[in-house]
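The following block contains the structure, expressed as structure tokens.
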């Protein structure tokens, strides 16, 4: 660290008091930057920097992924359309593309799978958002169970999920239309439930608003909510909770 | 009927052609009025005219109830606050006041209880609206079962309701906050489910809007919805369905 | 049923007490599943399982329809675009496609037509949603009358519908823009009215929201509402009511 | 007019060119003020300046009414609560207070009643807003017919209004909840219909928003809309139309 | 009229009492239909039946226009896209197509131009809606003045419109974005102002909702509002007012 | 357990096969109830049943608290107004009332304080909701740090919170008005952030809706949201996460 | 400054390197705090810290005002109800209370009045919010002109304001209902216009939302918007702009 | 000026009194027009007339730009898509097209760069709107600093912006999604902050509404807001403030 050096130089009169104070006046920013970077490095042990590919050109995505890969030996991109992927796939190093989840992983995938995250969907149309969450969690080294198309209209399907619920450290429930499922799962679970409303539906579903409101008003405590269609956000927080669980 | 008489009088030349045509020119309105009155009389066999007491003065309520009672030998008022009731109770003939349901019934109550209407609530705060529906149905001669405070957080409570569901001809489900219960009940039932959102709740429940949207988007077919807090409306339509059921 | 067998085997000491209890511990789920299936079987007498084709690939639709057809000797799909239908029609067994209603029926159609469901629209643009309801009801074995383009601007058109109203067991009213028609029909009818708002319109119709609110606030009791454009949902509940009517 | 005088004085050299130009430089504002005042004077023949009393103190109301009365020999105040009226009534000259309409008229009322304005309400709770419109129109010298509590649930009531409709030059329709009535009346009428949504209702009526949207989406041409509860605004425009009618 | 005949035949015993009563029992509908048709005929003197072409196929439009033309010697269609027009133009009799207004007129246009309707727009993007109103009014035989692109940012432009305002019997003001213009014009005018919000704009204009709310809350009395982009509705009501003006 | 007994009795022929099957046919409900109760018992180790006191009468609250206390040796009530508390305090056993948090705890408080939950507020008006969360967490045996009135307008205040952030297992951030704080804290933290919007504010804060939307759209991953003013819900989920953390 | 001292002490070996580094490690926070405080001190030359009194108890307000007064020789509180003021006025040092603006100023008021801020209202009900802005600006040492009740219905009133507009460095326009005035003023002005929507109005004014949207959509460039009823916020930004103006 | 001439002619009897008054009666409009043009000329020194190209045809844009260029020696167009630009570029005189900002500048660009406007964005997707503001400001002769992609998730990035903040006369902050950045920047700045919400985002960002609300509710005073995506509006007001700053 150059701070030590400059302090010693100052003592040796190689650096004047004025020069030293001038140097120190820059410290708040530098120091803070350093410490937040430090936080970030810790964070990265759990969750790496992610590229949100929607709205970026293939060339931009390619550059950012390569840069991140060079720095960290891996890189993750979300919301990468198949079409854009096709344009860049040959210019990328060793990688995997998940087309339902629309996620790309560049680098060697983590082997270890710790904890237990359960990802549930109400319908089949909720699966792409659920996969965004599930694949993302797996790529961060979490063990993931999937139970899709549970619905709520047939309560027997819900009952079948109970054994999976009992094993989970955290549960992600993805649902559109009436957004009822997180309340039902929350009532059966003793671990945190991350509810993800989806924009699936028509009429008064208002692109996920109806499901969002249902989830926010959930009568089952232990349910919190992320933005509509935000599979990535749900996966991120689920991964944090899972990894810090006993 | 005076139509027959006037036609005969016309034939007897007691009434001129011009007079007759003049009389007939009024007919469309009279005749229609007659036929719709006829419809109304049939309706009244099932459902009498109802006084919506909210926003009326005690004196106005008293007058209308007395008039209806004189005509039909009974009268029903909804949304009658206890306070207003206290002011008029001594000036009314034989009657019953239901203070949770805020309903007044003037006259002799029907004895027969036909069919089977099930009224379910999610929470205890939904009970006043549910009672408005249930009492109203009973006063129209329907048999009513009540299962209150079912929630959805504890699925075992829902399972206990199944035997009641299997006996019902029509089900009214009253729920605020997340409005989840009608979807769950709808998934277990083969009869029509009338969902009533309530304005119970806080925060993003938006005075029942959240529950209303959940119910409209219900993934369980067989669910239809009435206005927020409209226990009377739910009871009315449930009574029609129950009475015309085999 | 294997329960009887295992109990007998247990008595014969072919099965130990521990094995038996282990078996029974699975029962809650199995048993419940059984009973709900039983409910479902009853349901299916009235209403079969329906495939919501929107958002599914032609291949997925084809597979599900074939599976359902094999199980039940018939299958119904809704929201099937003509284009998708063209891709699968040659691979399906004996079937009928209704292009206005966007419904496909695979199998032999029911002959009997019971009860009387009246389907009314306000305008011509409401017809596709009305047809979804009407065709669906017919395919479930209900008798259906259609009166389309009634409007409300010309009250004489409404008056002409009265004879049909008087014969119906349940009425579906489909309307966009001002959503006025269900209130008017509800005022003339003594049977349940299922109101379907449509997303037809422009400006402050807000894709059916305006019509939805009008219908929820209907001053005519006996009116309940389903989601915007939900012809299928209206048909489903109308079919239940019609079939259980005297 | 002093313009003439100053121009003559200028010619007589009593006023310099500079003084004259200085005077004229003020003219745009003065002149415009003058001409708009002129417009206003014409306006006032039809419609006087009105005091919106809500949110003003009794003393403020008293002062403004007295000032206007002194200028124009009459004055009108709207939204004057009975309580405030009681506080000022003894300090006002000859006047009339309409307590349902919450309107005060100071001065001698106009005798003549020209044209024909029809004011209709859907329910009894809409009457205060309707009276605001009706009384205001009468005070401006219009002939007014009132038909209240028409509803729409019983179409025979609507039919009875037809004779009044046929005589009107302009129709004001006041309705809350579903806001259906203006569409129905608009379909029967060949004169302009001014629709006034009211904040009467509960649940998804959203304080008049539902009725407002219904009216804006009215399928009957010839209907225009004013703000929720704006009886005064409806009366104002109806008066203009009525007075300029043949 | 056959009523007279049947009554005479009845007197001559050519028709029995029962037959007569049977005939009369049909009257309410027929009679009402007749009287409303009568109303409609009167209406048609002012405003003919209009075809809303949006959402109809070219063939449907062609058929309806031809039918109306045969009946009334003229026909009007609104919201007719140029593309659809191109497909039918050769199969239509003598007609005119207004491509900005998207209106088609089949038949001989009215020569007389009575009264004075002023159509004003705030911006250039509001012109198509304004033209829908203006052309429609002209085709109904009204005299129309147009002042487009007045804005409100430059008050001098507003001042220039004053002479046109002073000559008008009724004013249509078409504006999007802030929807300010009707309030300003309303403050300068003593005739009715019909405000038309347009869906022009971006951001928090919310497809005309912002302009709509501004107009409903207009502080200038004498302003009423029609639906967003509803040039036809504004023209219709303006035509009624203009034609019945002295 | 009587299942074992009845099975043994059956083997001993004390119970017939039919009786046994009859008994077992009740099992699904009983068994499920049992297992969910079991789940609930586990839950209760972490989080007891809570009484939501708002909307209940003092007598009702008293009864429920006493019942729960008898069962579990403690009971917790939320949203208990001081006024109601005053009415029941003398009839309750040993208890503590937290008047800012509006929470009552009946029984002996837990001594152990495990983990580390950080509760932060943006302003002073957010404190009651924050206290609801914080007190509730403490009563469940969690260690809680509070940093209130951090704001965001002065970034130096945020920086001061960093040491507390670095020690927390989970963070609750309570904020009204602009709802900005959770995003800022989320950007500094590697543990889950539970955001609680409050209804504090005026104007376009729309009773917490603005803050809710800000939080849902948070650009900092690791943030999830509970309902407006739902301090209890935030505390519940924070407690679960904290307790299952290493 | 102790940094200099500790550095000198270190050179003199009174402080060890480790101690010095430990001290410096605290610097980022301290230093930043210092620099932001520095920013704040500069800010305070223009704008002091303000107490938002709404939602605080009289005692809390008293304490904060006294603390701020001790530090800065003056203190300002906004949204202080008269009732609360009455409770504390005798315990405060030399001060002024503005009851329309609901502002309290403790200490000696600034004498100088620099620049020129124009505060305009559309109606009389907008005056309290305008006074909050105007008084606040004056207390910060700005020269303020007020022109209230300009309306927009009478354009001549607007024209009269032009001379004031031409002298202003920045203009605050306060308006409810239709919110039209800022657009009109913006079109006449070449300085920044701060628009303040007010919650004054009824019906579809939606507590200021309508005015807010109008202002955001203003077609006159140079207009920006603050929150509904946020007179303080408008005054704050106007003061900054005025003070930094030539 | 012809006013002087006509006055002199009047004195010389070349013009009669009547003629003079007739001339003067036109003055209000002429005079006002003159004076507002004068205002506009002054305005134009700071901000020229701008062409909003969206919704105009290439030919229309070409004509307007050429006309403005002829009058003022320069012209500016905003929201000009690249595609439209390609169609007209060869027919325009010397010009520059900014494709990210979608701005065209015809004529010789201003050399001088006065003051200091800082333009900040939260993310990369906000850059096009920021560029609209920044380029526009530069073309009006303002000095502009850009700091893009600051985010808020990493507070160290914000800290780095402080030096730029301290140099600015006015700051434009462009942000979508959670809209948090203006509050943070506002808390660090003593100059006006113009917040621009962008429609960037998904889910409950509701096309910029969420960011708009956040900004309106900003707890940092000194923040005002323009319409969603209104980079031009922000640039316009920032330019005014910057140019009138010391």
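Letters A, B, C, D, E, F, G and H mark the chains as written, and numbering starts fresh at 1 in each.
In this section, contacts are C-beta pairs under 8 Å (C-beta built on N, C-alpha and C of every residue); 3 or more make two chains touch, one makes a residue touch a chain.
Keep in mind the model is a prediction, meaning the values are calculated, not measured.
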| item | value |
| --- | --- |
| Chains touching both chain D and chain G, listed by label | E, H |
| Required steps from chain A to chain D (each step between touching chains, minimum) | 2 |
| Cα-centroid distance, chain E relative to chain F, in whole angstrom | 60 |
| For chain E paired with chain H, centre-to-centre distance based on mean C-alpha positions, whole Å | 39 |
| Whole-Å separation of chain centres (CA-atom averages), chain B against chain C | 25 |
| Of all residues in chain H, the ones touching two or more other chains | 28, 32, 35-36, 154-155, 159, 162, 188, 203-205, 209, 212, 216-218, 221, 227-228 |
| Those chain pairs that satisfy the touch definition | A-B, A-C, A-F, A-G, A-H, B-C, B-D, B-E, B-F, C-D, C-E, C-F, D-E, D-G, D-H, E-G, E-H, F-G, F-H, G-H |
| Residues of chain B touching chain E in the complex | 3-4, 7-8, 10-11, 17, 20-21, 24-25, 27-28, 31-32, 35 |
| Complex interface listing, chain C residues touching chain B | 32, 35-36, 39, 42-43, 46-47, 50, 159, 162, 166, 169, 188-192, 194, 212, 216-217, 221-228, 232-234, 236-237, 240-241, 244-246 |
| Residue ranges of chain D touching chain C (in the complex, touch as defined) | 122-123, 151-155, 158-159, 177-180, 183-184, 186-188, 201, 203-206, 209-211, 213-221 |
| Interfacial residue positions of chain E with respect to chain C in the complex | 28-29, 32-33, 36-37, 40, 54-56, 197, 199, 208-209, 212, 227-230 |
| Sites on chain D touched by chain B in the complex | 124-125, 154-156, 159-160, 162, 200, 202-205 |
